[in-house]
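The structure follows.
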Amino acid sequence: MNASFAMGYLTFLLQGALWTVGLSVIALLWGGASALVVALCRISPLRSLRVATALYIQLVQGTPVLVIIFLIYFGLPSLGWSVSPLLAASLSLSIYVSAYLGESWRASIQSVPRAQWETAECLALSRLQRMSKVILPQAVRIATPPTVGFMVQIIKNTSLASIVGFIELVRAGQIINNTIFQPFLIYLLIAILYFGMCYPLSILSRRLEIRGSDKAYA
Amino acid sequence: MNLDFSVLLGREPMIIQGLFLTIKLTLVATLCGFCVGTFCAIGKRGSIAWLRRVCTCYVEAIRNTPLLVQIFLVYFGISNLGLSLNAVTVAMIALTINLGAYTAEIMRAGFDSIERGQLEAAETLGLSKRQIYWHVILKQALERVYPALASQFVLLMLASSICSQISAEELTAVANFIQSDTYRPLETYVVVGLLYVLLSLALRALLWLVGLALFTRRRKLGTLI
Amino acid sequence: MPDVRANPDAEPIVSLKEVHKRFGDNHVLRGVSLDVGRGEVVAIIGKSGSGKSTALRCMDYLETIDSGAITVCGHRVDQHDVDLKALRLDIGIVFQSYNLFPHLTVEENIMLAPRSVKKMPKSEARQLAHRMLGQVGLLEKASQYPEQLSGGQQQRAAIARSLAMEPKVMLFDEVTSALDPQLTGEVLRVIEDLAAKGMTMIMVTHEMNFARRVASTIVFMNDGKIWEQGDASILNNPQTEALQDFLRNEL
């Protein structure tokens, strides 16, 4: 294998990595928006909403991401909707993110000290104002380290999109392997690229956690 | 939309086989992964510098790469070494390596949470390092991090679905086969999804019972350390 | 105050000679020298930061010293090759925060070291634990967990745990400082009992009246050195201004 081939393969691999990042961002945005809804529903004064959301979370958290992907990619077409690998992967990952991040954010909201809720009430703020001006800003600060840590999980789970044919990093590597037949080497390279994406986020999350605990307020 | 769940009738034996393999993979990987992770956590706190570095690299490498890639690396790595192991064994090895890293982090946090005063008291009573680990640190750390550990084990059970990619015939692989055979993907994956949900509930219940059995103080007093 | 001191010409059982210790830039011990004979009860008093706890901890190799010599029961604690296991069999230490093992019952706390270090069989260890608990008045708490005991009871249990190893010297590091005032009495009674039985003891304490009553020697430390040393009369006639100030503040 001469140098120009190698460069070509590397470029293809890096393009795959780019799609990994792209899919992760889509999952984070869609999933994040849904997670906010999930979190707020979980603490809603309406009991039926709380229970329904809890059920949703239990179902999603009890199902492997791969099964969710298969369900959407193979299952939806039998209902008449055509589903591209990208759509299937985006949808499943967003569902996955909405459940896990939703629970995490709910916990963050609930760990804002009771006194803050009461103070906001005493200041005659409406529930919406209480949430947006007092509670959520503080919850965001609490939620940031685990959310940054969870982004690592999202990036890793995008690898499952390869199984339904979406050309992210793993699929790109598998395509290259069909030409050069060096699977171990290729997967090693893929692993190194994932590490390069995930490790900085892991470090960042750890650092945020330490800084957060230093600035703990009663 | 015409759903036809009846195609799954008659496939029960296959589904049960897949379920059993998922359970088997989970149990073996949980036990082995826990041991690997605990030794790794101990190694990370030890005085041997190269061991500390190796454990840190292992933990960071696994936690920052996807399980799918790890499984393929183990699969092709083993065949590169000239060994031919069956898919289930390869799956168990990969899952063990994966869980070991996560366990190591959890146990390390548990170890670090033991107050220094207790370690000093144990030292001054004449206990050796190994005795301190066994009698003072391990049991307490385990009790403290048990919820986190239990969650990790459940995540492992769900992740075992990825082993379908190296042809281990666990539950997801069975689902793939059935749906391609019956052309009923929606029904198949809904049922299999529900089976996983039930399995995760059962696993949580089992772990809770194990916790009650192991931690007598917790059982009697109901408090956290 | 009982005088159970052995022959004063005999070798001191604990001996510190010109001990220096620094924590970073902080010169905590600046040449501490102290001899303690068998059966003596020494109370070390002084304000926080004077180095009293550090001096005590150095005796049991919980801190290493920078220079000087420490000999305890014949062990050279300042040497790096000191036989720690043998040293710790000879010294018992009780801490301000009791440091009981919360996941073990009170009797299991006491049985742990005799079984692990002295390889005592379980039934014998249990009998020993019950004997110790009886001595400190906690026999009925044997199967309870530390969190079910009051602070004073936990500290007495900690004392029993150290005593179970039959040490030759007992060190007490401000063992009543973390207790509510009404709970200190029960702990001090146990310590006084031990003293009467002839145990060699070195205690860092703020309990002036107790020291006056029970200690055979009182040592006043200030700024990392021993400024005054003698029997209880030094509290009535402080020679140095530092001790005068200290006593004034204590009252």
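Per-chain residue numbering starts at 1, and chain names A, B and C are given in the order in which the chains are listed.
The criterion applied here is as follows: a contact is a pair of C-beta atoms (placed from the backbone, for glycine too) under 8 Å apart; a residue touches a chain by one contact, two chains touch by 3 or more.
What you are looking at is a predicted structure, and each value in this text was computed from that prediction instead of being measured.
Taking the mean of each chain's C-alpha atoms as its centre, the chain lying closest to the overall protein C-alpha centroid is B.
With chains reduced to the mean position of their C-alpha atoms, the one farthest from chain C is A.
Once the centre of each chain is set as its mean CA position, chain B and chain C turn out to be 47 Å apart. One simple way to say how far apart two chains are is to compare their mean CA positions; for chain A and chain C this gives 56 Å.
Annotation: 21 Å between the Cα-based centres of chain A and chain B. By the touch criterion stated above, chain A contacts chain B in their complex at residues 58-59, 61-68, 70-71, 74-80, 152, 156-157, 159-160, 162-163, 170, 183-184, 187-188, 190-191, 194-195, 198-199, 202.
Residue ranges on chain B touching chain C, taken from their complex, read 115, 117-118, 120-128, 131, 135-136, 139-140, 143, 215, 217, 220-221, 223, 225. Across the complex, chain B meets chain A through its residues 1, 60-61, 63-70, 72-73, 76-77, 80, 158-162, 164-165, 172, 175-176, 179, 183-186, 189-190, 192-193, 196-201. Contact residues on chain C toward chain B in their complex (touch as defined above): 60, 62, 85, 88-89, 91-93, 95, 97, 99-105, 112-113, 116-117, 145, 147-148, 158, 161-162, 165.
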